[in-house]
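Labels A, B, C and D are assigned to the chains in the order they are written; within every chain, residues are numbered from 1.
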Amino acid sequence: MEILAQAEYSQLAGTIVSGLSLGTIYALLAMGFVIIFKATQVVNFAHGALATLGAFITAGVAVELNFPGRFLDLPPLLGWSISVVTALVLSALMGILLERVFLRPMVGEDLFSVAIVTLGMNVILMTIVTDYIGPDPRSMADPWGDASVDLGFVIIAHTEIAQFLVAAALVVLVGVFFRSRTGIAMRATAFDQEAARAQGVNVGAIFAIAWAIGAVLATVGGIFGSVYPRRIGVFPDTAFLVFRAFPAIILGGLDSVKGAVVGGLSVGLAEAAAGSYLNHPLFGTGFSGIVPYLVMMIVLFIRPYGIFGTAEVRRV
Amino acid sequence: MESSESPAAAAVRTRTIARLIRERAMSSPNQVALRHKDLGIWRETTWSRYWEQVLLAAHGLLSLGVDTGDRVSIHSEDRPEWVILDVATVAVRGITVGLYPTNPAAEVRYLLSDSGSRVHLAEDQEQADKLMEVIDALPDLERVIHVEPRGFRTYRNDPRFVFWDEFLEMGRSHRAENPGAVEERMREADPDDVMTLVYTSGTTGPPKGAMLDNANAEYCFDELINADSRMPDNIGPNPSDEILTYLPLCHVAERIFSTWTSAVTGTTLNFAESIETVQENLREVQPTLFFAVPRIWEKLHASVILKSRDATRFKRLLMSLCSALARVIGRQRANNGGRHTLRSGILFMIGYPLVFRALRERIGLRRCRWAATGAAPIAPEVIEFFHGLGVNLYELYGMTENAGFATNNFYGRMKLGTVGEPYPGIGFRIDPETGEIQTRHPGVFRGYWNKPEETAEAFTPDGWLRTGDVGEWVDGTHVKIVDRIKHIIITSGGKNVSPSEIENSLKTSPFVKEAMVIGDRRNYLTALVGIEFDTVGDWATRRNIPYTTYRDLGEKPEVLELIQGVITRTNSRFSRVENIRKFRMLPKELDHEDGELTATQKLKRESMEEMFEELIIDMYSSRS
Amino acid sequence: MKTRFKWLAMIMALSLIAAACGGDDEAEAPATTAAPVTTAAPATTAAPGTTAAPEEATEEATGETMAEEEPMMIATDKGVDLEAGVIKVGMLSDLTGPFGPAVNLLVAGVNTFWADVNARGGVHGLMVELLYRDTAYSVDNHVQFFEELRDEVVAFGHSTGSPHTIAILPELAEDGILAIPLTWYSGWSDPDLNANLLSHGTSYCIEAMNMIGYLSDVSGENGVADPTLAIATFPGDYGLDSAAGAKIAAETLGLEIVYDGSGQIIPSQDNAPIGNAIAQSGADIVWVAANPTTLAEVYGAALAQGLVALWSGTVANWSPAFVAPDSPIKDAMTRDFYGASYFPPYTDDSPGMQNLRDLMAQYAPEVPPIDYVIEGFVEGMILFEALKVAYENGDMTQRGVLAAAKSMEEVDFGGIAPNESYVGSPNERLQRQTWINRPDPEGLAAGTTAIGTRVIESYYTHPIAADYYFEEACYKLS
Amino acid sequence: MRSRPHLHTSYSADQALMPTATKKVALATFLILAALAPIASSIPFYPDFLGNNDWMKLLSHVAIFGIGALGINLLTGVAGQVSLGHAFFMGLGAYVGVVFGAPSGDLWGWGLPMWIWLPMAGIIPAAIGLLVGPAAVRVRGLYLAFATLGLVFIGEWAWRNLKFITGGSFAGRRFPEFQLRMWKEEEPLVDFASDGVWLGFEISEEAKVYLLMLGLLVVATVLAKNLQRTRAGRAFQAIRDRDIAAEIMGVNEFKYKLMAFGISSAYAGVAGALFASFVGRQIPETWDLFLSVEFIAIILIGGAGTVSGALMGSAFVILLPRLVQDFTEWLSNVIADGEGLLASVADAVISVSPDDFGVVNILPGAGPGLSVFQLNQVLFGLLVILFMIFEPLGLYGIWLRIRNYWKGWPFTY
């Protein structure tokens, strides 16, 4: 009896851990998506490609280039961190480049036309990334390996702990950023591009910053989506994480960073819970995968603009 | 029905327009007689329905007690009801009095009291409001019919007002009680019955109502409208022709060209929505016969030039080539009496598929087989241009007092710069002393309504009508109009100058809308110029010249320079004494209601000189 | 366009490497060439009799009526141009879809094989030209490209995907065209399906039987008498066929299935709950038929929960990245994993494999030493044989090639794969051998193995598989 | 009035589908030419390749997607409700069709004739669309797009699990063939699923299917075009342009949005059923998000809100990959035969042999750089992007510009 209760307890704990682990990845991807949308009015269908590309760049820097390991003999965590930061800078530049080349000409165009452009970007990026990744997953060479801590009732991998810490730090950083001068300028731009421009905000720079932040967050999400225990390296299917993050984005509200975090975590928890508990044959195969969408649809029915989303002002 | 009458009776009978329309309704009841645009759709009225409506309206008039010789006035834009009431009035031997829709209240008062109208048609609230301002001064006025129901709330309890549909209802019940009453009245019609009073626009003095009787009209039917020879291939107007009615129907030209032509020859009348939409309506209707005043031709001409400037490089190139082509063709034709020469024919075959066909489609004259201009002088370049496009445009000359009957450029014998030859068989002469044109024929009017003195003045002692226009013979066959007698400028140097010739030359520029040449008893000529706001505005926008109002735009140095260019160009065509030395821009757009223009958009020179006295004094005093 | 986005639609038997025996008593097989020797079944065709020595055979068969220098009369219709000396072969490949990376390597093998054949005179002097079409693993593209090539080629060198191949079966039958399916679906043995197909290799179903049987023996040796079994697979023919095999084995051996996740692994979704569930079930043996990333996901989750079991799966699950030096699961995998494959590894020392390695080095030096290319060679060899026989039969029409292919009695791959036969009953032809591999991180690091495994059993057939009698597909595609 | 195209004497004339004789003649010519494609080789000056089976298939594909695009165009282009749920309704239609039309066997199938299963494939999705509609009407703009995206995932889950209908994930099932029967007779009245002789011409199976699809497309187009000029069609546009204003003017927003959902779903269902039968076999994964996105791309590329845009868009999206493929094939031939400037330029970026350097590797298989097939994909993505950047109004915008160029002749407006 007691053993059974113990097992149930640990299943619950395990579910919460894996739900949070999934949720933080969703939250990171959703935050990047929302920041890009908010600042530039672009629905970025290439966000999955950004995540994959970022993770691939990380693998390239850390493993193929072996930077900075080839020059310096640093402790694994420090060395790897430098690799990741380097990769993040490269990803940010990539994001800026993409925005400048493909999306700047579309400023002012219809939302969905712009979305189609990002879809085209997605095709191009994914084709190239897939070609370069090749047939096998590319290792992230993270310093944690398969190490884990056993808390008795639940086992947590070191990568998951790192993931929680990094995600929390990034959420705080984004929060701080939005209170900075640039962040306020970005909020102004999101509110009214013309007015922001009139106030002397360099809207082009804001777009670039938004894409840089979006690409960085996507990369971090991509990295954590590609390490143990989730994966053993980056593979093109990392991109699919973003489609799974869509309900999180909508749930929180398309233009709410806070919503992205809350949405990401709740969707991750709901999905993990469904995976653990809703496995009766009646639910069929893969029910947990649609739970986020069900939750999203119910929320939308009650709050048509998501939990934290701004209700669009309807004018005649 | 007709045939049942005795030939003797038929001989006595006069062919009024009412009778002609009844005949049409009998012979081709289901053909389209009228077309008007209602909520975007051209509604059609057949001849039988047309006649039916006329009959109801006539009965309605009878029920209102309209008697022989009573005046029925119509104050409305062109619309079927105008024509129906007009014909109905003629049917009951009444007299139609037309008012310009732009007539302000004061003029309404004058016209109605002068004519002593008993029944009045006020189209809509606007006209009714004008009427109501002055109605207390109109003791003769008994009933007011209105066509538009909207806005008549305030007059609902006024027993004088009757809505058109109710009016027809009254006619219907009157007909039920008195069947054949209208026919009876029609049978009594006499050639001497005055059928309409056409008020002259009155460039000087108050308008005078010219009386036209049935005999005048009948002469016009036979000799003018049915004169096949004036049209290409000797094919006169016929039921397959389409006419666009858009000039005020109270003007004699439009009445002859629309109502009368349609009644005599069975052509279909298409009513334009308003004068502003003429260009669009033209494209829709693509009339086969088209009469327009010079102002319209100038506008069409200007729009072609303007739009081609906006076109893409290739189209612009093509257009400039084809305009050059059109000029060559036009000149060739003009020199050949309006017919093609071999060379112009070949050139036309090149230009037609490339541009002319599409261009004519765009301006609405693709199917136009005969077009005319009159009522005011026109620049020869414009006629030449349209001839180049293949539009047979002829200038003709006539006036209210002679039922539009004087000269015409007959097909194949046209001469550019003239108003054509006198109609065969009419009395036509140019007074050798004054150069005034005088006519005498059965179409000449009976006299001015209630104005025996003016009537007497209108005729020479030997009974010829004084037209007031100075003319001269060209090649002994054609007549050239120099100007109104009263407008001729005699400079202090003693030279006679015709201002309208110079003014028209100025107005060929798309930038000039109005021009008035001044110089009577002065040392030199000057001009007041009004710009075409749209085109000059467009021109300014292209050059990034900011402007606000009409006045502001007109006073821009760049615009002054532009107009100076136009004047310099015109000066080069005239002798030195006819050159304009100075000019000033008109500070406002001229308007009928402000008294600067007549209802037919002619300059009221005297009032203009009064109004812009300061400008004129400035031109003759300052050194610059 | 749709399928171009379908990155993760995974499935299919990525099982691209494999083997099978065959090389036992046929020792005389020529060691110098990659081309195997075939004997055609004499009765299957009305064409002139063929033997292993084509030139002489032709002369004999045609007798004195034919002048020696006069060329043989060859019937052709589509895809063969005798004057230009070209044979065109269609390739319906997933080059940019979910299996693109693997299929591209496989295709490198195919290209190398035919480059070598053409360099050495082609098929009786006819050069073989391959017309590739990228289906991106979509059924509608597959059908469309089939239609595009249908009248251009003499046969299809491969056709990726089981539902895809089944979709074109009616048209294949209509025209009598031959195709080599690039899947190892057990249903290909069904006479209803294989009339136009030349399947090869051990099916997913039998592979699972061999592996479960083997692991049950290993468990017994380890002292676990009644091991419990957990199954987790993709949906579709690959996953479900292989799950069906595992279940047949479990039933025969009386193993308890404590977790049945057949068809539960969905590549686009979070599969960690499956790993958690397997960990909860406490299974001793786990059978997975998925792909490397989803296996890693399931395995990672179960491992994080502390499960230690014998993990096994098809070759399509395996990636050298598992045991790469910086892999987080290198040690655990080395401890836990058993892999099945149906041909020997690239490093095998058979003469055929030696020749293959030489050719790869000569024609495609940039391609890493990887087992996928073996499948490319196997396909090429089958088709090469079929074309040769058809030529010798004097009928290189589409139907002629099909008939020739279906008459091949013993196709010898020179040790790079088990021999295949295309005559006889399904059960006589059934391939039952499996190679059993263990992870080998040292070998990978040292470069002695390309794929990070070493063979522990060759030509292995567990009694369950040996006794298996084919009646219908283990998993039926309707 | 003959030769007076702008003189409308009634509203029906004003709203006529084919206002001018020129338009009628042009359309009739186009349709006749399209209908003659199967016998292209026996018509002089007609591009022969169009009659080949693979082009017949491609053009049928275009027609089917055209029908589907008309549906999404109605909902998204005309009524302004962006839906990513189109693939769901297409799948639904396909499976309704197969249940009604496929012969019974291992999986559900009632073996009813085509005149039943095809309409049912429209009716039942329309009914489901009406059921889903009320929820969707509440949600606006992007949120609606993502809400309907949920439908696709729920649909995928359903198709995966309804194995007795769909055949299961990555397994799929056969779909009924195009055959016209009165009832369940052995011999079909008209058999589109086998080669035969029609009017003395050898008509292949593919060509027959093409003719059938062409006919259905014409019917679907006429219906769609007709709908746009009805009261409902105008109401849709009013809702799209200014929903509140429309409501104030008495347009019942709820009713018309629902109606748009229903009709669009019916089109999707029919297109789905046709597509499944056309390919012959479909796996549940066909009806995924990317199919929906493809349709949005079709109408955006074609020009949202216009019937001709929907058709041009589907032709573009379906035919572009083929054209890109032919282009790269031609390019590789140019390099292979190798003389001239183009060949050397192309050679610089394309590697034709393993030891050659270049961004693109013309050989399939592993090698340096992108394979030619990957190049196709990149080009496709690039073309879509460039298209949207340079012609945001879509193909219809281009058509409009060409038409206006001539319409305004000799002016520009």
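Some observations on this one:
The rule we apply is simple: a residue touches a chain if its C-beta (ideal position, glycine included) is under 8 Å from a C-beta of that chain, and two chains touch if they have at least 3 such contacts.
Computed from a prediction, not measured in an experiment: that's the story for all the values here.
Chain pairs B-D and A-D differ in how many C-beta pairs are in contact, and the one with more is A-D. Here the chain at the heart of the shown protein, by mean C-alpha position, is D.
Here the spacing of chain B and chain D, counted between their Cα centres, is 57 Å.
Chain B and chain C, compared by their mean Cα positions, are separated by 93 Å.
Taking each chain's centre as the average of its CA atoms, chain A and chain B sit 76 Å apart. With each centre defined as the average position of its C-alpha atoms, the distance from chain A to chain D rounds to 34 Å. Taken residue by residue, chain C touches two or more other chains at 1, 4-5, 96, 104-105, 235, 263, 266, whereas all remaining positions touch fewer. Touching two or more other chains at once are residues 160, 169, 293, 297, 366, 371, 374, 377, 380 of chain D. Looking at chain A, one finds that residues 119, 122-123, 127, 130, 134, 243, 285-286, 289 touch two or more other chains. Every pair of chains meeting the touch criterion is listed here: A-C, A-D, B-D, C-D. Note for the complex: chain A touches chain D at residues 43, 45, 102, 105-106, 109-117, 119-124, 127-128, 130-131, 134, 243, 246-247, 249-250, 254, 284-287, 289-290, 293-294, 296-297, 300-301, 304-306, 309, 312, 314-316. Against chain D, in their complex, chain C makes its touches with residues 1-6, 9, 11-12, 91, 93, 95-96, 104-108, 110-111, 132, 134, 138-140, 143-144, 147-148, 150-151, 162-163, 166-167, 170, 234-240, 263, 266, 363-367, 475-478. Contact residues of chain D toward chain B in the complex are 3-4, 6-11, 14, 405, 408-413. Remark: chain D residues 82, 135, 138-143, 145-147, 149-150, 153-154, 156-157, 160-161, 169, 242-245, 248, 289, 293, 296-297, 300-301, 304, 366, 369-371, 374, 377-378, 380-385, 388-389, 392 touch chain A in the complex.
Interface residues of chain D facing chain C in the complex, by the touch rule stated above, are 52-54, 57-58, 61, 105-107, 160, 167-174, 206, 275, 279-283, 285-286, 288, 290-291, 293-294, 297, 317, 321, 354-355, 363-368, 371, 373-374, 376-377, 380.
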